[in-house]
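Next come two complexes, and both contain chain A; in the first it sits with chain B, in the second with chain C.
The block that comes next holds the complex of A and B.
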């Protein structure tokens, strides 16, 4: 780990001012990913801005519209918020399957959304991969069982967050702060694929940080489900995941969001799947049709073809559950 | 007592040992009246472990100590052309950097020398940096500029099998494939000719790591320039003392190795490894204590592992299910250096009654770190192929798999024709099938559950050398206050020797357990070969018994003069010495001890094994799984495990061993594997997120059952070894259960969702256009 300077401001404006100063900064929420990334020299910041003392970032306000979730809210506290869980059961589905209880006790919403990829080539000090400034993605001809089947262009990481697909399914906005003010963008636009920039996973530029997630209050008849598949039933990242949020009215789907996890370098929203559901009554056949639409463009590699089948199953199951057709 | 030669089998390795016959003590048979042995007693050192009072190797930090870290090869095969440590040496607190160019060669068994110019795997040690502060070390290691010439390599088994010999010799002087080691019984061709049914299948079992909670490491210090003191996390303090002495060419008596508490070894901490020598060498060069400990990445790159195998099994049987032929051909991956435990033929030769057996074991060299013993080495891997092929045969014969096993039950050791001293496998089958609900939960048509989530059950068995044997030694010292110290170099890895051997000493002496303290793991105490091979209980318990008996004889001699009787008339129970025929004439044990003018020390050792019998442990496990055939996730719902351990000296600790073994192997069966990028030869599973050990959430409900079958032939306490056996049947039981649930064989381990889905897909009938 490189030597670094460290500050723990207690108000957001000081933090943003420090981030705006010259030099390489990293913001730290729970630190569970940052510290490990520094130990393996993936991150080598000269300065760490520890956000844990900033009350404002830990605010969770479920009273208004939108519901506001500070990036410093720990996953355990998010899960403990009954109003939030009642409004958005899909967030309970997702937050409950992040990592382990120990990590959820420390890890934050912002950290979960901004964590670096879990690709084993990216994480290994022995590979200088494309994302780390090297010249090739080792997954293409290598061990790619956990890699992308969609949206991999040059680099085949999958986005590791469980919260992101669920929040995008809810139509969340990302509020980004910097010394010069804040801006709000759809969370799905917050994440960027390798076709935009292969060295980062989101739009943040130096001096910026994620400060809050805004989630619109649910519409009548809205129901969301997040399903995650993984080898181990705890402490494992998704091999595939599906977040489905439907608004049902008189047996018809009036609005649908389908977002996939574990399959692409970004949380992967599927307009094609959503279009299948829109205006239809939900049946197993319709769910299967939507799932097939979601992977129409999938291009598996040598070891990850199973993901094409697996994610379709999760999409179908999530659609049927979200439509109130139970089962698993 | 007379000296005799005796045969000792440890982890399948046969040795002959010259040993003094033991003082004959009455055997603790099934009817023995025992006060302490057999009780469920929590570990005597549990309190220290859970309160943090226990000192592990890492905690030993003598003043002036240096920390070290290795510079490791990023290439699977390379030659160092230059080492420039100047930048590292300028960093604050960096004291020394050693490598092959600035040190004298030190012999090291696996690959020539401790520091080499030619490096054979990723993680191989190129140089070592010593510094006063551990926090500078990662940067200092990166500042050492090593220039490498890359050499040809192979890390993929299939590539190695297909490789032409000329290319192979460029990688390893001996090539990448050995001549097969062949074992035969009977006539294999005649066996298959006599078969009505023949089945064949090939299995891939993967590399798994010991993944000990406590990493490998040691602290080394030279005292007065001539005594080497080492605090280590070792399973064999005595063996390590000898190895250090040999390496540094000093007498054994000048080496002291201590291991008080350990966070897991599982076979990976039985030997002198390179870090031991490097720590002692740097301590010698700098005149300061040196602390060497791996981080997790180093653990997963540069500690040995359970080897990979590609096993092909062929079984022949008559139509009524009698085995006529067992053939096993295996590629056994040694890594870059040869090691023991590559050969997995023992199961084929021993487990089932069969007149015709043929095995071929071909060692394969790859540019990966070497293997070592890992909890039930060889048999754990071989049991996968043996037991899955038995189920394949059962399905072909349309026979219940348990019935097939019982039909081919071996009543004698077919490799020697000696009878087994005890064999409780039949009881184990009966228990686990009952416990798992075999009759109702087994799918007579595999895969017949409707819907995507399908359940099934599977069986696995186990055989393992469990006699133990010499050398094991102990002394029992009676302190002036009547408290008792049991001393031996034997290591308690956490599984409980301090507890059970204290129980044996207390039982024999007739004192309460609370007055006994087991002081183990010091190389200068009476020798013990080491804690491996499931040997400690059957080896050490008789030695401790004898030592306690000898000490008690002295107590009786003193008490006899006080009570005015002959020593032979005395008994000691619950800390009171009394006249056997008149218990009112008595004197407290502690009072007798206080009268002694010298320390009372009883010495005991393990005598010879019974040459007329084979002593093995046996067990069976039954698994119930649910397979989500759409996601490929295998959930292990229930696992019943029944193991024959002879006498259970402490049933709680036997059950604990069963739980530990099952959990380890449930990870082997479903999650764990070393993954190597074969293009670069670099392992990619170098943290515990990517290398997936089983978690508590994934643990099945375990029904741990002891088939207590007191073995009065094996030794005078009636116990057999029990540490490794529970690891063996689990993975094949899972594989067989997955077949029973789905009707599809998944023969590449671990049974991860991608492999399960791929196998299910391959088994689907082709869609017609």
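The block that comes next holds the complex of A and C.
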């Protein structure tokens, strides 16, 4: 770890003012990713702004439209919010399978969305990879069983968040704050792939931070499902994941969102799969067609072709479950 | 990991040791050969993609002096006034400053669970929390369990059920089981498995740990 100054402001405007000052800053939610990233010199901020004392970032307001989730809300508290879980069972699917009790007890919504990728070349101090400012991606010719099959360009990380696909499936907005005010963008545009900038995973620039996630109240007949595959049954990142949110009306799908995790450098929304579902009654054949459309452009590498099959199975199951056709 | 107090005027974040050099050289040579053409193509193309300047993780970074901070940690019911390097983790503070060494540091990256302590009634990985950030929280370590020479029922059950082999994960496992039994005095096996999912045991003593948790629940 490189040395840093530490501050725990108690109001958001002080935190944003500190972030806007010259120097390299990092905001810290639960710190579970940041602290360990600093140990391996992936993050080397000179100043840490700890958000745990800022009450307004921990607010969870389910009464209005949109539902507002502060970035400081811990995953354990999110799961404990009955109103939120009843409104959006898909968030329960996703938050329940994040890491372990110890990590959910401190990890926050904002931290989950802004965590750095798990690529072992990126995480290792022994590899100065493209994302860390080096000149090559070691996964291309290396051990790439957990890497991207879609959207990789020069760098083949996968985005590690489970919450992100579920929230994008719900049409969430990301509220970004800085010393000069706030702006709101669709959460799917919050994440950026290597084709935009290979050194970061989201649009945040120095001085900015995520402050809130806004989720529109569910439409009548809306139902979402999140499914995750992983190497072991607990405490693991997704090899692949699928978030499907459908609005069903009289047996017909009137609106669909299909968002994948573990397959691309960003939470991967698939308009092709959504187009297959739109206006159709959902059958196993339609679900299979949508799943095939989602991976049409997949380009697996030497060791990750299994993801193409695995994610299709998850997409099909999630579509059928979201359409109320149960099964597994 | 820690940098010296009165270190030299430069520091290298990625110290190249002989072992690291050999390890890396082996990886690179294994991937070389037929692959060189692809490497050349991939290493050139992405550079133009960079919209922000590359982070400076290579080479010699400018020296940054350590920052010390006065903090108060509330551990096992007692306040400890400490002056710590801001980089110090809660595990390090508990072990090196408070001198309670029951909390272990096998992985030091939130992947094993042996550093589990209870913070405000919930289990946490103390290796992944800065000591400075643990101020104002109520922290319990495994040393808090024994009362007047009497082992906590969970500790006694771990011994009775032979739930220990090498013992490195044990204090973390015990803290997870103690926390579970506080909220759920009669857990079924699924609840026990859920509670210890964040504690690895590389000796594979899980079945005995689960038996110990059941025995402690039955006793309470």
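Just so it is clear, the second predicted complex is superposed on the first by the 328 of 328 C-alpha atoms of A that agree within 3 Å, B and C clash if a C-alpha of one lies under 4 Å from a C-alpha of the other, contacts with A are read in each partner's own complex, and residues count from 1 in each chain.
Here is the rule we use: contacts are C-beta pairs under 8 Å (C-beta built on N, C-alpha and C of every residue); 3 or more make two chains touch, one makes a residue touch a chain.
Small disclaimer: the values here were computed from a predicted structure and weren't measured.
**Student:** Once chain A of both complexes is superposed, is A:126 in touch with chain B (first), chain C (second), both, or neither?
**Tutor:** Touch partners of A:126: chain B and chain C.
**Student:** Taking the superposition as given, does A:285 touch the first partner, chain B, the second, chain C, both, or neither?
**Tutor:** A:285 contacts neither chain B nor chain C.
**Student:** Looking at the overlay, does A:80 come into contact with chain B only (first), chain C only (second), both, or neither?
**Tutor:** neither
**Student:** By the touch definition at the top of the document, which applies to A:142: first (chain B), second (chain C), both, or neither?
**Tutor:** Both partners, chain B and chain C.
**Student:** Does the superposition put A:21 against chain B (first), chain C (second), both, or neither?
**Tutor:** neither
**Student:** Report the partner of chain A that touches more of its residues: chain B or chain C.
**Tutor:** C
**Student:** Looking at the overlay, does A:219 come into contact with chain B only (first), chain C only (second), both, or neither?
**Tutor:** It touches nothing on chain B or chain C.
**Student:** Check the residue A:304 against both partner chains and state whether it touches chain B (first), chain C (second), both, or neither.
**Tutor:** It touches chain B, and chain C stays clear.
**Student:** Where does A:229 make contact in the superposed view: on chain B (first), on chain C (second), on both, or on neither?
**Tutor:** first
**Student:** Going by the contact definition given at the top, which residues of chain A touch chain B in one complex and chain C in the other?
**Tutor:** 1-3, 39, 41, 100, 125-127, 138, 141-142, 234-235
**Student:** What part of chain A is in contact with chain B in the complex they form?
**Tutor:** Residue list for chain A touching chain B: 1-3, 39-41, 100, 118, 120-121, 123-127, 138, 141-143, 145, 229-237, 239, 303-306, 309-310, 313-314, 328.
**Student:** Note which residues of chain C are touching chain A in the complex, please.
**Tutor:** 1-3, 11, 13-14, 20, 23-24, 27, 31, 35, 38-39, 42-43, 45-47, 49-52, 54-58, 61, 64-67, 69, 85-87, 89, 108-110, 113, 116, 119, 122-125, 127-130, 132-133, 135, 176, 194-195, 197-198
**Student:** State the interface residues of chain A toward chain C in the complex, per the touch definition above.
**Tutor:** My answer: residues 1-6, 8, 28, 30-32, 35-36, 38-39, 41-42, 44, 46, 48, 50, 52, 76, 99-103, 105-106, 125-128, 130, 132-138, 140-142, 153-155, 194-200, 234-235.
**Student:** Spell out the part of chain B that touches chain A in their complex, as residue ranges.
**Tutor:** Chain B reaches chain A through residues 74, 122, 135, 138-139, 142, 297, 452-453, 630-633, 635, 670-671, 675-680, 682, 684-687, 689-690, 692, 694-698, 752-754, 757-758, 761.
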